[in-house]
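Input: structures, listed below.
In the two assemblies presented below, subunit A is common to both, partnered first by subunit B and then by subunit C.
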Partner chain A sequence: MNSVVKGASYVLVHAPDMLVKNGTTQTTERIVNPNSEYLKTLGKHLRSYDDAVAYLPNQVYIGNLDPVELRKHEQPWYGTKFEDAARYGRFGEIMPQAEFYFLIQACDEFELVRLEKGFVGEYKDAFFASPVVTDLIRNRIHDGVDAEQLEKILKEDGEGLYLGDRLVGAVKKAHDVDLALSSHVLLENLVSKASHVLSLLHLVDKAGISPAEVDYVIDCSEEACGDMNQRGGGNFAKASAEIAGFSNATGIDTRGFCASPVHALTIAASLVKAGTYKNVVVSAGGSTAKLGMNGKDHIKKDMPLVEDVIGGFAVWIGEDDGKNPIIDLDHVGRHTVGTGSSPQAVITSLVSDPLQKAGLKITDIDIYSPEMQNPDCTKPAGAGDVPVANLKMIAALGVKQGILERKDINDFVEKHGVPGFAPTQGHIPSGVPFIGYGREALLNGAVNRIMIVGKGSLFLGRLTNLFDGVSFMMLPNEGKVEETGKASGEELRKIVAESLRGFAKSLLSEDQDE
Partner chain B sequence: MSILNGKTVIAIGDRDGIPGPAIQACAESAGANVIFSSTECFV
Partner chain C sequence: MDLENQRRVKEFAEQLGPENVVVLIGASEGSASALAAETVTAGDPTYAGPLTGVSLGLQVYHVCEDAVKAEFDEAIYEDQVSMMEMVIDLDDIVEQMESIRSQFTKY
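Right, the complex of A and B next:
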């Protein structure tokens, strides 16, 4: 039985103070150049929550504005406010930082996170009013502690949670010497877990999956949780499923830098197709480290720090229902150890090879969703428009294969791609942001084939110089639910009868030979 | 003659553009001496 995409959720958390305090560009600058102009001017470039909500790419991400609509607005987009902007969209929401701190505390099982009493009183009602926050989560919120207690935690190597300059919470270290359990690592992991949980809550709300139906969760983020004896032991998936109330689920973490979500989706689809599980959720929270990653370039260009949101997503993979789009596991693209690194070799392995096996051409894919980074983040930093660069490489291979004319490359990019709209949160933009819109386009017949492409920078881990990539196609469901592994009584009788006939014939021919 | 012939080259590639080893192969084929090659991720 095929695996289908039954729904998707996408969430953002506006986290300007985490950008300042926890983003690695900023933490590194505080170590190497504590009196820098950059650190002094940082605060003036932070956006308000309302500005982050009104930002066009953020509205696209949560489902309020179709990605192609971005083409109607001149880049850069940070100067334009979306008139119909809203906190909630059909795929998820943009959660304010203060409310997210409550979710972090709710995700803490070891009394490591403390929120200040006054802050709790001020913002608890807003957090509790969320349409996706469950009683299970509400019941985990503490009353809060005195401000002095937070200062004490900071003195004992804790990490602070801030609203502007106001210390409103703190994360304790969980071990005296184990760096894997330092407050810094724990905060990163709890942020990843909490934004993952938010994605799961929205999947339940938006896609209609019952928490009890979920059999398996695959976390595909880029953090590692464990202790000094098993630094990446895991498991974010099960930890997040617990808080989301997925009581019948277990799960696992997959890792592969930014390529991890596409790997995880092919694994999930295979698990469902094999009949191992009926409902698998592929999901991830976001990264504090990458907040403000290109901040220095953004400030040089006198623009707001648009990398001020933590991302998250969840995709529900289920059994073929005759309706939802199918993940084509017969034609999966992969960059192998021996593929090589030239753009031609990379695109051949990820795009051209699987298409050829399926008897298709590059132009037969209606929409490609490669790395979907928002160009507002990358262009000022000199990294260009990443989705466009990937689409151009696909088109260039089409030219080499004689399918396209060189002059058609820009038209191909426009016709077969959509503008990038995802925050530069590593794994978050990698192919998956378009699955929600793509599923809808396949359901309403607007498109026939979509290819999701993910790439990962393995070389950053210094274990290999290789990078990685995987791809798969999403296809419309033709409504024929194919049952595998189950034969009807009549079919069984036919099979047995044919075998007996064959056996009788062979006996007969042996007799004649004698 | 190639402009890279006999030159010393440091190659910094981009994962979503031209990766380091590909630049290195091109530069070496043009007669350059590549003393350092790396691929960076800008996203």
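Right, the complex of A and C next:
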């Protein structure tokens, strides 16, 4: 039986103070150049929550504005406010930082996170009013501690949680010497877990999956959870599923830098197609480390620090229901060890090889969703418009194959792609941000084929110089539900009857031989 | 430029002599190419890596510039680079690379 995409959720958390305190560009600067101009001017470039909500790419991400609508607005987009902006969208929400601190505390099982009493009194009602926060989560929130206790935690190598200059919470270290359990690592992991949980809560709310229905969760983020004996032991998936109330689920973490979500989706679709599980959720939270990653370039260009949101998403892969779009597992693209690293080789392996296998051409895909980074973040940093560059590479391969003419490259980009709108959170922009819109476009017949492409920079981990990538196609469901590996009652009767006939014939021929 | 790459470029210049090293850049944008070129000539302008304050003055080219292209086996260039050449703004890249070379290259 085919696997289908039954729904998706997308969430953002506005985290300006985590950008300042926890983003690696900023933490590195504090170590190597503590009196730098950059650190002094940082605060002036932070956006308010309302500005982050009104930001066009953020509204696209949570489902309030179709990505193609971005073309109507001149880049850069940070100067434009979306008039109909809202905290909640049809795929998720943009959660304010203060409420997110409550979710971090709710995700803590070991009394490592403490919030200040006054802060809890001030913001608890707002957090509890969220339409997706469950009683299970509400019941985990503590009353809070005195401010002195937070200071004590910081003196003992803890990490602070801030609202501006105000210390409102702290994370303790969980071991005296184990760096894998330092407060810094724990905070990163708890942020990843909490934003993952938020994505799962919205998947329940928006896609309508019942928490008890979920069999398996695959976390495809880029953090590692463990201790010094098993630094990447895991498991974010099960830990997040627990807080989301997925009591019948287990799960696993997949890793592969930014390529991980597309790997995880093909694994999930295969698990469902094989009949191992009925409902698999592929999901991830975001990263504090990448907040303000290109901040120096943004400040140089006198623009706001637009990398101020933590991202998350969840995709529900289920059994063929004759309605939802199918993941085509027969024609999956993959960059192998022997593929090579030239752009030609990469695009051939990810795009044209699977298409050729399916008897299709580059132009037969209506929409490609490669890395969907928001160009407002990448262009000022000299990295260009990443989705456009990817689309151009696909078109250029079409030119080399004689399918397109060189003058058609820009038209191809416009016709077969959508503008980038996802935060630069590594795995978050990698192909998956378009699955929500893509599913709807396939359901309403606006498009016929979508290709999701994920790529990952494995060389950053210094274990290999290789790059990685995988891709798959999403196709419309024609309503013919195929049972794979299972025969119906009628089919079984036919098989038994044919066997008996064959057996009778063989007996007859044996009689005649004698 | 990646801190690890800065370290490697610095080591090669020390081992082989800066006059014997040519750095080839494969970035797809003019500004990113110029940033990398500046790093291996004038020093790391981001003040983050091993080339901070180190002016190596190396020879540096983008892989699609004519002088480098002429050195390639045509078939290999066609197979490995030609597709990207179609996609990038080569005029901008060449202009920025020439500007960096005229200011900072010593060899």
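What we mean here is this: the second predicted complex is superposed on the first by the 493 of 514 C-alpha atoms of A that agree within 3 Å, B and C clash if a C-alpha of one lies under 4 Å from a C-alpha of the other, contacts with A are read in each partner's own complex, and residues count from 1 in each chain.
Methods note: contacts are C-beta pairs under 8 Å (C-beta built on N, C-alpha and C of every residue); 3 or more make two chains touch, one makes a residue touch a chain.
Please read all numbers here as calculations on a predicted model, not as lab measurements.
K.L.:
Given the touch rule stated above, what does A:347 touch, subunit B (first), subunit C (second), both, or neither?
P.N.:
After superposition on chain A, A:347 lies in contact with subunit C alone.
K.L.:
Regarding the shared-chain residue A:383, is it in contact with subunit B (first), subunit C (second), both, or neither?
P.N.:
In the superposition, A:383 touches subunit B and subunit C alike.
K.L.:
For A:400 in the superposed arrangement: first (subunit B), second (subunit C), both or neither?
P.N.:
After superposing on A, A:400 lies in contact with subunit C but is clear of subunit B.
K.L.:
Looking at A:457 after the superposition, I want to know if it touches subunit B, subunit C, both of them or none. Which is it: first, second, both, neither?
P.N.:
first
K.L.:
On the A-aligned overlay, A:172 touches which partner chain: subunit B = first, subunit C = second, or both, or neither?
P.N.:
Touch partners of A:172: none, neither subunit B nor subunit C.
K.L.:
After superposition on the shared chain, which partner residues are touched by A:373: those of subunit B (first), subunit C (second), both, or neither?
P.N.:
first
K.L.:
State whether A:6 touches subunit B only (first), subunit C only (second), both chains, or neither.
P.N.:
neither
K.L.:
Does subunit B (first) or subunit C (second) touch A:439, or do both, or does neither?
P.N.:
A:439 sits against neither subunit B nor subunit C.
K.L.:
With the touch criterion stated at the top, can you tell me which subunit A residues are shared between the subunit B interface and the subunit C interface?
P.N.:
342-343, 382-384, 389
K.L.:
Touching subunit A in the complex: which residues of subunit B?
P.N.:
Those in contact with subunit A are residues 13-22, 25, 38-39, 41-43.
K.L.:
What residues of subunit A sit close enough to touch subunit C in their complex?
P.N.:
Subunit A reaches subunit C through residues 28, 32-33, 296, 342-345, 347, 382-384, 389, 392-393, 396-397, 399-400, 406, 409, 462.
K.L.:
Please name which positions on subunit C make contact with subunit A in the complex.
P.N.:
Residues in contact with subunit A: 4, 27-29, 31-32, 35, 46-48, 79-84, 86-87.
K.L.:
Tell me, which parts of subunit A touch subunit B in their complex?
P.N.:
Residue list for subunit A touching subunit B: 257-258, 340-343, 346, 371, 373, 378, 381-384, 386, 389-390, 424, 426, 429, 455, 457, 459-460, 465, 467.
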